[in-house]
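What follows is a group of structures, each given as structure tokens.
The following pair of complexes shares a single chain, chain A, combined with chain B in the former and chain C in the latter.
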Partner chain A sequence: MKEHPLFKIANPSSIAILGASNNFMSMGTSVLSSIQALNFKGPIYPVHPKEKTVLGLAAYPSVEELPEVPDLAVIVLPTRIVVEAMDACGKKGIRHAIVVSGGFGESGENGVSMQKQLKETAQSHGIRFLGPNCIGAVNPHHNFNATFLTYGQKPGFIGMASQSGSFITQMFDYLALFGLGFSTGFSVGNEADTDIVDCMEYLAQCPNTKVIGLYIESIRRGDRFIESARRIAPHTPIVAYYAGGTEAGRRAGFSHTGSLAGPDRVYDGVFRQGGIIRAYSIEELYDFCWCLGTCPAPSGNRVLVQTHSGGPGAVAADACDRAGLLLPPLSDETRGRLADYLPHTASMNNPVDLTFTRDPRDYTDVIPRLLVEDANTDAILMYMLQPPSSVRRAVVAMGVKGEQVEEEVTAYMEGRSLEMAEFIKGCEKPFIGFSYATGENSFIRGLYDAGVPVLPSPNRAARALWALVEYVRLRKKIA
Partner chain B sequence: MKEHPLFKIANPSSIAILGASNNFMSMGTSVLSSIQALNFKGPIYPVHPKEKTVLGLAAYPSVEELPEVPDLAVIVLPTRIVVEAMDACGKKGIRHAIVVSGGFGESGENGVSMQKQLKETAQSHGIRFLGPNCIGAVNPHHNFNATFLTYGQKPGFIGMASQSGSFITQMFDYLALFGLGFSTGFSVGNEADTDIVDCMEYLAQCPNTKVIGLYIESIRRGDRFIESARRIAPHTPIVAYYAGGTEAGRRAGFSHTGSLAGPDRVYDGVFRQGGIIRAYSIEELYDFCWCLGTCPAPSGNRVLVQTHSGGPGAVAADACDRAGLLLPPLSDETRGRLADYLPHTASMNNPVDLTFTRDPRDYTDVIPRLLVEDANTDAILMYMLQPPSSVRRAVVAMGVKGEQVEEEVTAYMEGRSLEMAEFIKGCEKPFIGFSYATGENSFIRGLYDAGVPVLPSPNRAARALWALVEYVRLRKKIA
Partner chain C sequence: MNLIEKALAAGRRMLYEHEAKQLLSAYGFPTTNDIPAGSAAETDAAAEAVGFPVAIKGYGRDLMHKTEAGAVVLNVEDAGSARAVFETMKKNLGDQLEGVIVSEMAKGRRELVMGLHREPGFGPCVMIGIGGIMTEIINDTAFRVAPVEDAEAMDMAADLRAKKIFGPFRGEAEADMAAVGKCLAAIGKIGLDFPEISEIDVNPVIIRPDGRIIAVDALVILKGGE
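Our next item is the complex of A and B:
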């Protein structure tokens, strides 16, 4: 891994930043702020023609005058001086760069010609680089975030390579909603030197990456992409969203990165051959990554749905059917074991609809334990509902008063959550929650934080479970 | 409207509650708590054989002994004594009821027979009722919430009739995420007396209802449903989710409410004839309601996408195409007017991708104003992004310190939000936002609170805009 051209780009020991200043409006300043905010452990050298210090760091008037040869140069300069800066980096001995600056291949003839010069200059010095026209890279496991937005959550297990920087930076907060984060994220920009295939190959070797996500507008090296993906997919699942399959998507991609996309069915074929799971929205991309990174592989496509609400159960059944999953009947053994716990209003079909349970704890404790052992099922989808208002009423009725009420409510919800999470994480079958509640609910938040996938709707849960089944199928096919 | 059998069920002046006690574990107690929590304005009479007071209210040993004839009886008693209770209500002169109790038509032969008795008993007294096996009704405009969960947000404009109680109560918190709420919501349960058609007809007359949502597992009165919907749809849009279209969904629905669903294509036909827009998930159902209840009707299906992030723009374009929307080129006039505001990295295609703007305010101020006036477009989809970390950096760089920083950040974000909302609400074309950020972001929260739809992804925004276009098409077809 350390030999890979992207290693130093994602794991630099020292960084030069070209384009940061004390003007908070500049993009370069934002990038430097982000690097500082994630508490980067090595030296950071701002290069600035005039300023003596930049954001509190000693600044250097030129690359040449840097006190050492940094591992990485991050270039956020005006387009017209980027080539020159790359040359200065090369002369200093720098061998890795991220070029954030835009105005190259995506901006007409002149830009195309400058991009060519940029690449030639880098090659003449043996420099490998990401970009131009990208928003950088993030590796929270290394306290490294060279993008213009702050990375505020814990490091994660999703390795992302994206032909749109937005699907790196603008996902920081989105992923945090679910307690998720990146292992490493690359915004590849115009791919003048390294491309999405390189990123995928690097991420496959990264020990923090459990699953690889790709946002694709077009693939420049189709054969190598398929070949690499086939080698990677058997050990690390790959999920891709492709935006160029429609006419409008194709045109938008062209404006964005200057590359031409192909029809949907061509990419369907590419993904199939590569053993890659295709997602149809960005939410799906991350939903799939979430489940692929946390769930064991299912033995088949048979699923039991546990619910205490008929509607969410019926919607889950409907969604499972549309996603190509089967809902088998419960085994006789499970029916026998369940009988003691069910009220007369319950249904022992699939979905298992408890309506309510005599002891509310049964729903999160004994019942899922029985269901997951059913011989007819390969996976469980469970409706997660724990409204704080109901717990609050119980707490108040038990005589708790004042400020203690909220404390008790939270303690109860978090306690249930921890128990549930511990059980789910020990399951040998995929166990996926679904809920219309979000992380604002402390029961759901507890599950997220413990690494249990609770998808925001039965439809999304069914599709994510399908992705697990599909992954197993693709993996077998490749082998 | 006041003559409608559901009027007193949704707007009672006084309520008797049968089945509430001081045992916080009982469902009846939860229902009474909810009624109290929403600050119901009329008298509430708990009926309890032994308790003198229930949740602080004077209780009565029998219906007969109530001091007046209440408008509505809410019955949450054990199944075996429900018929008897209904009879007692009739004898007292009560003419409206909600029967929450389950164990009737959905629970085998004995239940079916008891449901028949229940209906006959009610009819013999001229009582109209909702249920059994429902979770009640909510009308926040009347401070009335006879369900077992607390209604905590403001009254809204979505009138909902649901064959699953969950899609009423469990949506309280879900809708609150987006600043939405119900005008009135009915859980119809087994529909022994009033059914989803009655609810739809009532909601069409309700002045607080701008759009009707339906959750359907099966329709018992198909002809009347179509006929009513055709009358209602031209003035109040109707959106339906149907769970019974797949085999698994059909079986789940049967377990849930004991009614038999029909194949997908039959319901497609029913919806088409009724002028009803079909949603394919519960999220979509409420997304469609949100936009139909807040946006003007579009003149056609041409949409301009405004973004400053290439990826979300490309995904929006792809999603619009898949949803059957067109992305026309900008008119020459708009191109001319825009030119002054765009950096050289921007794209004047559609999506209009600004990449950035020299003055950040242009993105939310002058540019959307120019785009919405474009002669080639019927609607705008706009990517909404305002990361607090960027604003915070600017605020800190301007010298603001300490606690004031967060105040300034919030004030700025809310200010932009209000300006934006004011403009959007004045538009004569649909103007729909999309963002991966949620209401935790104060810019997005401000838009929600002002009644501007900001959908959680470009895909959902495109589908919701499609629903507006489809509504206009269906309305024309009916006329």
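Our next item is the complex of A and C:
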């Protein structure tokens, strides 16, 4: 198979960087710092007309004088010298580039003509490039982060292509909150050479990518987009957020059809046609990716909600209903099996509201194990609550003293979390947690780190479960 | 010369209703039985041929909004009335009226709209929605990029908030969904075959009491006519 043009852009073995200096204020320097911070394994060659060293690396006065032909050039230069730099890269034999510099197609007639020149220059040398006016690419599996923000977490499974750089870089810390990260992320910028369709096609081949996320403002190659998506979606789920779906773009057409055809409606149809799941917020985009990347496919839309608090369970039920999910009654068999573990205050309806359990461990152990086996259900949503303060009280009441108390609390929290995670990861049905507690709680943190989705609200959990159901439906449709 | 070339050669930027229906019909989209008529006598004869009650609609190159111009009369019950309708229209519209078409009054309480427009970057897009005079107010539509095949057409219909319209309704049968799919595919195919067409509106498409569907009115706008 022919190597995808984006392969070397995401997996270079050596990099030239044009525009980095020792001035920490400059964008180019920030990009180089990020590359170094992720401990890139290959040689990095800063090109600088004056500096002998840049951020501790030997610098070269020109591309021509580089000691080898690097796989990739990262260009972060002032607009007026970018075309010239691209030409120099081409003459050296470089065949891949990322052009971070802006001031091209996005800024007036002059910019448009310079972008055309840039593309022509690249083409004349057979160079494939990302950008211009992008924030770069990140592939943590390859210790490669050519963006201006530091990537600080583990490599992940979300492959992202974005028409806004912010939803790559500024998501690093956001995703880290949940133990998530990117497999590879592309900021496509002005898409002069490679576009979001190319990125999607590359990510579909990327072995580290379990799910593809797209942030879209406008698709230029509509027919190819749909065709590619239909080919990819059956094996790799695709989630898209479309911005620009406002009434502002609506035309005053002569026909009903013309005037009803706002771009939002058309994109809605395009996504469904492509087997793509549409998210309505950036949080949803990543929630969907999280669950699609970690959960098995549900065989239907029947969900069982487990809670020990009435309110969160009721909200989950309400949210499921709005999301088009069904809450079937428990099977007689499950009711019989549960009876031994439930206090008289508990409800065996759906949500299964335990109110409390005689042995608190039952809530995270025996009960979910029973529920997931219920023949009437395709998925479980479980309210997660494990406050350390309650554990601490119990530990103190048992007579534990001094430093031992915290050790016991930590051991208990982490032990429960680990058991729960192992159980959930072995489930053949989607099992999604929801909680108002976050990663600061070690029980929740443990689940995140083990790759178990625990969504920050019942509403988000219900919507994410809907995304799994929708994925199965779309996959069937296009197959 | 086909219908479209003829209309363009005559400097028209749209097809007359009966021409639009001929085009749809040629692609397997069922339409009402229409007979053009150019005089009061012809109107009578056409009405007899179609079978009462009939709808009489005037056409002419400057008659863009037929209802507003008083060029649509529905439920005409007998031959004498048909003749009178023609004469009144002629009197009111003068040379604007090139002729009328006499159509069967298709029965059915459920109205759909189907259509086509061209979306930059995607090409011809097919629409289905809740039709009738409240189409814009109800604003319940779904789009797909042409070509639209069966599974996609069914998915499109299921996108409507009011998708229950396809089910049984007050003693009327459920809609013939295979026909709905065929009609959506036909519109997409027309869009792909004729780049000269910029927009199509088939409104209303009536779901008959027995579930069959039929185009009652149709508009085809040609490039430059938007």
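Just a few scattered comments:
Basically, the second predicted complex is superposed on the first by the 461 of 479 C-alpha atoms of A that agree within 3 Å, B and C clash if a C-alpha of one lies under 4 Å from a C-alpha of the other, contacts with A are read in each partner's own complex, and residues count from 1 in each chain.
As a convention for this text, contacts are C-beta pairs under 8 Å (C-beta built on N, C-alpha and C of every residue); 3 or more make two chains touch, one makes a residue touch a chain.
Model, not experiment: these values are computed from the prediction.
Legend: residue contacts after superposition of the two complexes on their common chain; A:L149 is shown touching chain B, with no touch to chain C.
Of the two partner chains, neither chain B nor chain C is touched by A:G105. In the superposition on chain A, contact is made by A:A317 with chain B only, not with chain C. In the superposition on chain A, A:K477 makes contact with chain C only, not with chain B. By the touch criterion defined above, A:L385 reaches chain B but does not reach chain C. Judged by the touch definition given at the top, the superposed model places A:I219 against chain C, while chain B stays out of reach. Of the two partner chains placed around the shared chain by superposition, neither chain B nor chain C is touched by A:G275. In the superposed model, B is the one of chain B and chain C that contacts more residues of chain A.
By the touch criterion defined above, A:R265 reaches chain C but does not reach chain B.
In the superposition on chain A, chain A positions 253, 255-257 are in contact with chain B in one complex as well as with chain C in the other. Across the complex, chain A meets chain C through its residues 218-223, 226, 253-261, 263, 265-266, 268-270, 272-273, 477-478. The part of chain B that touches chain A in the complex is made up of residues 22, 24-25, 27, 29-30, 33, 102-103, 106-107, 148-150, 152, 162-167, 170-171, 173-174, 177, 215, 217, 241, 243-249, 251-253, 255-257, 280-283, 305, 309-322, 327, 344-345, 347, 349-351, 353, 355-356, 385, 387, 389-390, 393-394, 396-398, 436-438, 440-441, 456-459. Remark: chain C residues 113, 115-117, 119, 121-123, 125, 127, 129, 131, 135-136, 139, 141-145, 151-152, 155-156, 159, 199-201, 203, 219, 221, 225-226 touch chain A in the complex.
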